[in-house]
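Next up: the structures, one after another.
Two complexes are shown next, each including chain A; its partner changes from chain B in the first to chain C in the second.
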Partner chain A sequence: MKKISLAIAIAATAVSGLAFHASAEPVDEQLFIDGQEMISRAPAPEGHPFDEVLSGWLFREAETRAAEADSFANPGMLDVERGEEIWATVEGSAGKSCASCHNDAAETMKGVGARFPKWDADAKRPIDIELQIDKCRVDNMGAEAYKFDADEQKALTAYIKHQSLGMPVKLDLSEGEMQSWWDKGKDVYYTRTGQLNLSCASCHEASMGKYIRADHLSQGQVNGFPTYRFNTGGLVSIQNRFRGCIRDTRAEMPKAFSDELLALEVYVTWRGTGLSVETPAVRQ
Partner chain B sequence: MNLSKVSQVALAVLFSSGASFAADVAPGDVKFQDLAVTTSLTGVPGNPEEGASVFKDRKLGNCLACHANSSMKSELFHGDVAPTVDGAADRWKPEELRAIVTDSKQVFGSETVMPGFYSLNVGVNVREDLVGKTILTAQQVEDVVAYLATLKE
Partner chain C sequence: MATPKPRVKVPKTASAGEVIVLKTLISHDMESGQRKDKEGKVIPRQIINKFSCEFNGQPVFSCDLDPAISANPYFEFTAKVTESGTFKFTWVDDNGSTYSDEQKIDVK
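After this line comes the complex of A and B, so read on.
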C-alpha cells in the first residue's frame, strides 16, 4: 500500500512539476535530544498572535532535525565544548575565570538560558547572555568585552545556554522596565523595513508555514540560539540573525545590542514562551 | 570642467544608475484608478521574454520566491507565500497587472506582504545606496506585465 501511494505521489509530482515541498505543515513529531524530551509545541502566552508556539525544529528537513536530536551529530556541540574550556580559562587582570566565581556551570547556570534577556539595574536596560558575559568580564575579571560575534562569545554563550537544555523559556516582564522594552520590541517586530518593505511579521506571522523558495518559514523562534547553521558552517547568534533578516529587506542594519535589537530580542524571546531551550539548535 | 564634459558625465550617470528616464512616469506620479494603471509607465511596449527573465532573476523580480509558475518548471523551488501566477492573464487585465506589480498595496491594501516594485512607499532605514530607487525600472515593470499577460490557462 505504501509503495502504491508513493508511486502516485511521484506521478503527481511529475505532472504538476511544482510539488517540491512535501508539506507546508510543520512536522507532527516530537523532539528528543539524546533521549530528553523537548517542548517543541506550547500554548501561546496571553496576547500572542498564535494559539500555539512552535519550535523552528518542526519546520526543518528530516536530516537537519536528526542532527539536532543527537548531540554527537550536532556540529554546534563542538562550540559548546569550546565554551566549556573558556568557562575554566583565567583571563584578565583579576586572574579569574568564569569558574572562579560560578563554579560548576551545570549547577550555577541551569535555568539562566531560559530567563534572559533580563533587566539590568546598572545598565538600566535589558541585557542578554552575551552582554552579561561582557559585564562579568569587564567588572569582575578585568578583561575586555568580546567583539560582537567573536568565536569565544558565541561558544561561551552557547555553553551557558546549553545548561538550560529542555527548560521552558520564561521571561520576567515585571522586573524594572522590561514591559516598556517589550512594547518597543513589538513595535520593531511590526515595523516594515527596507526597499522590500517587510517586517518580521510579514514572513514569520502572516506567512508562517509557507515556503519562500526552498525555505520553510517558521515562527522565527529564538529558543535554540546560538544556532548551528549548515550553510555558514558555524554558530549564528540571535543578534546576527536579526541583522541578517533586516539586511535581506534591503535596509541598513541596526548595530548589534542597539536598543532596537535588544528590545526585539526581549519581544521575540517572549514569543517563544514555553518552548524548551534547544541551544545549540541545528538549522540548514 | 567644460560644458561638454558636464553633459558627458550627466549622460553617464543617467545610463548607469538605472534611474527613471525622462519619458518614464515617475514612481510618485503613477495614477491608480479602479485598481488599475491604464497608462504605460514608459510608452514602450513590454517585452514578454525580458519580463520572464526579470520574473525569475533573484536579484530583480525574484517572483518565484513567493509565486509558483508552471511555465517555469526548470527553475527549482517555487514559493507558496502568494497565489500561483498560473492563469494570471485570465484573472487580471494588463492594466490591473501593471497596478499590482507597480505597487500591490494600492490593490490589495497596506497589509499585503508583496513589495511595490515601482514605488517609493517603502520601509524604514532603506539601505543607503537604494534610497530613492525602485526595485525594478519602469521598463522592467512593463516587461513583467507583458510576460504575465501571456499566462493563460
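After this line comes the complex of A and C, so read on.
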C-alpha cells in the first residue's frame, strides 16, 4: 500500500512539474472580486512597449489569485477597514477628520484611485494619494504629515483607492507639466542602476513572463497598490515597492516621494492605463 | 500592534441538513519569536495559539496554531447545520487574551 501511494506521489510530482513550466505564461483567467468583473487585460495606450497591459494578478499562483477574488479572504481588507476608521477620526488643531470635509468616501473618493498621481499646481509637481493625504492633514486639519509608510498612511491610502475598485486607470497627462514628469519617469524606468546593472525594463519589459529568483516576472503594474504581500504580512506602498526593487539591483535607494520616484510613479501608473484599480491586491 | 479584530462570515440562513462554509479571519502579527529587533534582541513570541468554533455549545472545529503560521490567520471550514442557533468563534492569544465573535444562523 505504501509503495503504491509513493508511486502516485511521484506521478503527481511529475505532472505538477510539467504544469510548472507550462504556467510560465500569465493565466488565461478573468478576475472577479466578489463577483465584480475586473479589467485585468487591456489594450495598451499609444507609445507603450506592449500591445496589451496585464495585471500582476494573472502571474500569481492559484491560491494567491483566489485570496484576491474574495474580499473576505483578502487580508488587505483588514487595513481597508482600519482606513475607514481613520477616515472618520478627528485629528489635529482644526478638530477635523477626513469625513468632516469629504463626507462619505464611497461617493467623494470614487474615481480618485484611478486618476492619481495628478498635477499639483501649488507644489508645481505631481501629487499622489499619500502626498495628497499629507497636504490635507497639514493645510486643513492642522495635523502632522504621516511618516513614510506609517501603518495609518498605508491603511488610509488603501481605503481611498479601494473606493475606485474596478475603475480603469486613466491619468491626465495634459495637466500642468505632467508630460515632462512622464518623460522623466520614463528615463528612470530605462536607466540601469546598481551593481547588478538592471533597469525596471530589464525585468518587467524584456523578461516579462519568465521565471527568475523563483518568481514569475509580471509587467510590474501598480494598479493594485497598496498591495497585501504574504511575504511581509502587510500592505506595501508603491514607493516602498520601487525602493525595494532598486535595492535589489544593489543601488542606492532614492528617498520616498523624491522627484525620481514620483516621476517613476507617474510613468509606471501610465503603463497600466486601462487596468482596473484592484486595491488592495494580493501578491506573494 | 492594534487590538486584533476578528471577522467571520456565516450564511444568514440555511436549509436543515445543509453543509455550509464558514470563513474566519483575524488581524494579528503572529510574531514568531525568531526575529530580532534593531538592537539585536529577540522579539518575544506572540501568536494566536488556539482557535475554536462551537455551535450551540457543541464543538464544530478547533485547532492549535504554531509559529510558522502567517500573520492574519484565515480559516475556512464546513459544518452541517440541522437547527437554528449561534456559532461562537474563539481565538486564544499567547498573552492570555481571548478574542471572540458570534453569528446567528436561521435554519429552515
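What we mean here is this: the second predicted complex is superposed on the first by the 262 of 284 C-alpha atoms of A that agree within 3 Å, B and C clash if a C-alpha of one lies under 4 Å from a C-alpha of the other, contacts with A are read in each partner's own complex, and residues count from 1 in each chain.
By definition in this document, a contact is a pair of C-beta atoms (placed from the backbone, for glycine too) under 8 Å apart; a residue touches a chain by one contact, two chains touch by 3 or more.
Please read all numbers here as calculations on a predicted model, not as lab measurements.
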Of the partners chain B and chain C, which touch A:Q239 in the superposed model: first, second, both, neither? neither
In the overlay, answer first, second, both or neither for which of chain B and chain C A:F230 touches. second
Could you figure out whether chain B or chain C reaches more residues of chain A? B
Given the touch rule stated above, what does A:T273 touch, chain B (first), chain C (second), both, or neither? neither
Would you sort A:R82 into first (chain B), second (chain C), both or neither based on which partner it touches? second
Identify the partner contact of A:A73: answer first if only chain B is touched, second if only chain C is, both if each is, neither if none is. second
Determine where on chain A the residues touched by chain B overlap those touched by chain C, and list them. none
The residues of chain C that touch chain A in their complex are 2, 5, 7, 9, 23, 25, 27, 29-30, 70-72, 74, 76
Per the contact definition, I'd like the list of chain A residues that touch chain C in the complex. 72-73, 75, 78, 81-82, 151, 230, 233-234
Chain A partner, complex, touching residues on chain B are 64-66, 68, 70, 73, 76-81, 84, 111, 113, 115-116, 121-128, 130, 133, 135
Over in the complex, which chain A residues touch chain B? Could you list them? 16-18, 20-21, 24, 191-199, 202-203, 206-207, 210-214, 217, 246-247, 249-252, 254
